[in-house]
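Chain nomenclature is as follows: A, B, C, D, E and F, assigned in order of appearance, with residue numbering initiated at 1 for each chain independently.
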Amino acid sequence: MAQTKQTDDKTRGATGLRPLAFAADPNPWAEGSCRVSQGRTEVLVTATLEERLPPWRRGARAGWVTAEYAMLPRATSERGRRESAAGRPGGRTMEIQRLVGRSLRAVHDFKKMGERLLVVDADVLVADGGTRVASINGASVACALAWRALKSRGVVATDPMEQLLAAVSCARVGDALVIDPDYAQDSAANLDANLVFAEDGALIELQFGAEGQNFSRGLVDEILTLGWSAAAEIFAAQREVLARRDS
Amino acid sequence: MAQTKQTDDKTRGATGLRPLAFAADPNPWAEGSCRVSQGRTEVLVTATLEERLPPWRRGARAGWVTAEYAMLPRATSERGRRESAAGRPGGRTMEIQRLVGRSLRAVHDFKKMGERLLVVDADVLVADGGTRVASINGASVACALAWRALKSRGVVATDPMEQLLAAVSCARVGDALVIDPDYAQDSAANLDANLVFAEDGALIELQFGAEGQNFSRGLVDEILTLGWSAAAEIFAAQREVLARRDS
Amino acid sequence: MAQTKQTDDKTRGATGLRPLAFAADPNPWAEGSCRVSQGRTEVLVTATLEERLPPWRRGARAGWVTAEYAMLPRATSERGRRESAAGRPGGRTMEIQRLVGRSLRAVHDFKKMGERLLVVDADVLVADGGTRVASINGASVACALAWRALKSRGVVATDPMEQLLAAVSCARVGDALVIDPDYAQDSAANLDANLVFAEDGALIELQFGAEGQNFSRGLVDEILTLGWSAAAEIFAAQREVLARRDS
Amino acid sequence: MAQTKQTDDKTRGATGLRPLAFAADPNPWAEGSCRVSQGRTEVLVTATLEERLPPWRRGARAGWVTAEYAMLPRATSERGRRESAAGRPGGRTMEIQRLVGRSLRAVHDFKKMGERLLVVDADVLVADGGTRVASINGASVACALAWRALKSRGVVATDPMEQLLAAVSCARVGDALVIDPDYAQDSAANLDANLVFAEDGALIELQFGAEGQNFSRGLVDEILTLGWSAAAEIFAAQREVLARRDS
Amino acid sequence: MAQTKQTDDKTRGATGLRPLAFAADPNPWAEGSCRVSQGRTEVLVTATLEERLPPWRRGARAGWVTAEYAMLPRATSERGRRESAAGRPGGRTMEIQRLVGRSLRAVHDFKKMGERLLVVDADVLVADGGTRVASINGASVACALAWRALKSRGVVATDPMEQLLAAVSCARVGDALVIDPDYAQDSAANLDANLVFAEDGALIELQFGAEGQNFSRGLVDEILTLGWSAAAEIFAAQREVLARRDS
Amino acid sequence: MAQTKQTDDKTRGATGLRPLAFAADPNPWAEGSCRVSQGRTEVLVTATLEERLPPWRRGARAGWVTAEYAMLPRATSERGRRESAAGRPGGRTMEIQRLVGRSLRAVHDFKKMGERLLVVDADVLVADGGTRVASINGASVACALAWRALKSRGVVATDPMEQLLAAVSCARVGDALVIDPDYAQDSAANLDANLVFAEDGALIELQFGAEGQNFSRGLVDEILTLGWSAAAEIFAAQREVLARRDS
């Protein structure tokens, strides 16, 4: 299989990721928040703790984590219709917010939350590919910040978030694998993969979808290897922004 | 009602699949249709060819394939609210119908369809786990039947469907892997995986999601191996019902 | 008035009904269920008992019966839009489900139900005319099965359903009356009538609508006579399937 | 405000109808309009001619008639939720507007309309039973006025409305039949019937529904007799208001 | 600035208002109601007292007042789509009903209401400009009537409505100011103003909007002067209808 | 990120405005965009030019300007429900976006736009009072930037935007007037005013609403004087960010 790092993009790091930045707590109201950018993609993530649970969860002596995702209408190169005008979130939106929610739940110990709901909102300000992985990466920081703040205010006794999360997208364009593809690369891809890792290296979610060309088990392996090295770079950046916040 | 292929014994087969049956063309109107059952799960799939394309696809000199999925309200052990009453399909519904549509598109040569839309409807009559994979397996047969009928009527010159599809679900319950889990097993699982294969063995979709316990790359490998052997059993059953139809 | 039984349809019975079949309890979850077919029309009906009442009925020391009706998108010769996508059930759907609900309530003694709601779902798998009467006929069996099961489980002390129901449709095509018309006959009709009878011969609902040619009181009489003889055939078939179930 | 025909005394007339009044053309914009009252029930009906057809009717070289029905929120003794807030018209609304539309279509010769749509809006200002029959009676006058105006303006060459319509409701309260019941009587009824007649005495619609007590064929006959005598009174009042308008 | 009273409209009063009429309590169910007309514009307003509060207001030991506004489809010269069919009230509707509600709240002492909700419905029967001000003027009378009735029935001890309300619209057409413009004048206007006054002369709401030509502070002054003299005429008419009702 | 104009000190300026900042073109896709902050309130505004017109405007040989407004769920101190989940924008949203659209249209010469639609999206990232005026102020810059870019690309020959816009909010808290109130001040206010000025000093919109205490004409005068001096400061800041962009 061919060279996997885009040679035409000088700004990509050693693992193939586009320039990555996390800004801590841009929102003054939220328990925790993060503005994350990967290349031109920019997502604002807030974490809100609510003193309620969904009906089916009540009485569980444990909390729950849920996520919502949306794009501003002009986040994209062509303006999209506002989903509140359409009257309902679309299928892509639903699929992404379910992925973000499941991923966050995989690193939470609900017992430590009490009977509370953590609502994560990931709103895409600018979309240039990879908005779902950027949302997860930003949510990891926003939730970590929220729990630190809530612990320091005595709302929780111990931090319910057991690990950070890193999400990596990968596309196959022709024969080449591209980590963290931008919109143009994503549109040209014949395979689209998204991987979510916990900090200890375990996998939380794998989603591989053929887009016009099916794939082999060997390719799955190759992408898992590349993905983990990109995830390690993401974890390092997350820890850095959190450490700066603590100091 | 039409001919059905039924596995002989009531227990799970060698590959772990629950008893699997395909009934060809139960619907007198549809271009092709299939009633599929895996264990108690029962899905009615119809394939409809329409002489139109979605707006964004017009002028492409090629067709498109799309899918819709729904459950009857009492398909489940507790009656669910009808989605037309709720006013919108839920997130799970959207996620599944997007998966079914993508999988079918991966085995279609759109050029051979002409500027037409194939709409696949998968309606779950009884749900006992695995409704998304049963929908894909039934859709594989319904589409194959539709294209045979359409070819024999001269609507298309060559069959646009290049291969059959087989979808397999797998759960990890405790430490054990269960192929084709029923609802009770699925609810107890700590990992949920869905795999879609083409007849030539290539992968079309992989979806692994941790449900309370993360997973390793070794497990991914193990599930891919088990999944492929179950897929082979599914392909055999599909080919048998199609062959009986042809004869 | 002319000959009322379709001479061109050898399969119709003495009363003019198309071939009629009831399958008992095809759904493993529902308290009672029935798959009914009249000619090619096929409806799946489930009866669900819920331990709740609509808000306006609470505290009544009595139950309630309600019905929902829908068609699968490809139940019809041209695929129709899914009502969950349209965001609301259409007027025809509403009219039919109100008719089914009213008819069922006419044969229930609510006091014997306790403060519970019986929800009947009639989902049309294949439509070839007469789906509303088939829904009522299937619901009669599904409810009867449900109450027998619930009584044997001790949920109710006495069966709240006092009689079976039979519904008959009749069309005037040109000058001829057709009992249980199929879709083609229905489309050509200048008068459309639906009659719902209780087992004791009393009327529960009458709906006559002119479709391009008004009608006389004499015709009302004539249709009532034909309808009752068809209803008697339907009751016999219902009793047979219930008796077989009991034995 | 325009001329009105008012029955002379405050009590029910010989045929059992409540005091009945039609006001011609209360709306300055509509092609034709009528404010009708039966007892305290008051409905404002407008008839609008639009130079368009529903998509399925295009190219038919003929017109179409459709109706919409609604109640103001405080038309009833308890305020109801506004249907625009609920986001959709309810089942009762749909059922009634379908009845009004079908009834009007039964007396129209579509060929004489040209490719145009007549939209009838029946809005209930005050509801005290019988709103559906009052809507039909008012619509009969509003449409007649509209076509006279349109004919005099040369929009149509001949009047497409062949006859007037009269609608009568009847309830059985205990053992007594009540023509044109008010809300209190309707609520106490064990049988609810609505009849729509053409001016020549032919029937257009019959709807009989048991409400807790089933009914016999003899009763159908009895109600048809009473209904026709009430209809004759309604036709007389309609003809009077139209005649006064002409003079 | 030019002559402000329309010279071509002989029916306008000294203050420039079109003929103004209030009918007390046309609705037999509502606590209070009013049919108001200004020129051809005609609005039916009902005031309903409900023994409930919106959730956010509960426990306030005080009431609340809210308003809803709608137009019948053929209130306008071209028929508009029914908002229940559109599935949601439009922006203009929302803006007007918020204005009506705020204006009414400005003259209510919520403590005197008890924990109750006054719901005002303003339904436009005929629209010929100025429907929002006519709605407020009619609501002033409807609420005054409601509170008198409720006080006489002992529901409230003292009247919670402290003053009447008068609303005046003003348009600049070319250089001329027109009080209470009709639809044609409103459509030609380059400035649209709505003023709501309390009986003591204080202002409750001011809304000035340029429509193609901006405006000066001097013009604001001029319109306030004209508006107050029209408001005085409106208050006189309101007091007259209320006095007649009392006597 | 792009250049920003930031007022020098953390306290309110001489005119009473909170610290005000405009960032030019934070969005890489939009024709023009601006991130504006007033105190903690922060709004992202994009201007999109589309080669289409609303249906009613077609054939006008002129363009149109429209606006949409929304708040991110956690823009506020308590998380609000996402409007796409609610299925429709609320009344407050509609009222604000109509105000933004009308204000922008007042400074556009539609003929110079060609048959195109300018869509302005104002999305509130953080809300601390004054989001509607911040949206207008940011939209003024975003549109100015868009037209400069479009003119330099030759899409329009002359800039259709004739003047900048400045919007100022004012509250009366107790007896004191507060320019540009934050959320806490706004909540305590007994009068709420919003003023929109064109650069030449003319008024475009005035909205005064009593919140529990009515107001006099003298107060209107006083607020217009204060508002204009704040508007002058806003225009200066807008011109500075545009000038820096040009250089």
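The definition used in the following text is that a residue touches a chain if its C-beta (ideal position, glycine included) is under 8 Å from a C-beta of that chain, and two chains touch if they have at least 3 such contacts.
Treat the numbers as computed from the prediction; the structure is a model and nothing was measured.
Listed here as common contacts of subunit B and subunit E: no chain. Both subunit C and subunit E are touched by D.
Where subunit B touches subunit C, the two copies mostly use the same residue numbers: shared numbers make up over half of all numbers in play. Comparing B-C with the candidates E-F, C-D or D-E, the pair whose contacts agree for more than half of the residue-numbered pairs is D-E. The mean-CA centres of subunit A and subunit B are about 29 angstrom from one another, to the nearest whole unit. Between subunit B and subunit D, the centres computed from C-alpha atoms are 51 Å apart.
Annotation for subunit E: residues touching 2 or more other chains are 87-88.
A ring topology is adopted by the chain contact network, closed into one cycle in which each chain touches exactly two others. Residue ranges of subunit C in contact with subunit B, taken from their complex: 26-30, 33, 40, 44, 46, 48, 50, 68, 70, 72-77, 79, 82-89, 93, 119, 121, 123, 125-126, 128.
The touching residues of subunit D, when paired with subunit C in their complex, are 87-88, 90-92, 94-95, 97-98, 102, 106, 198, 200, 202-210, 212, 214-217, 220-221, 224.
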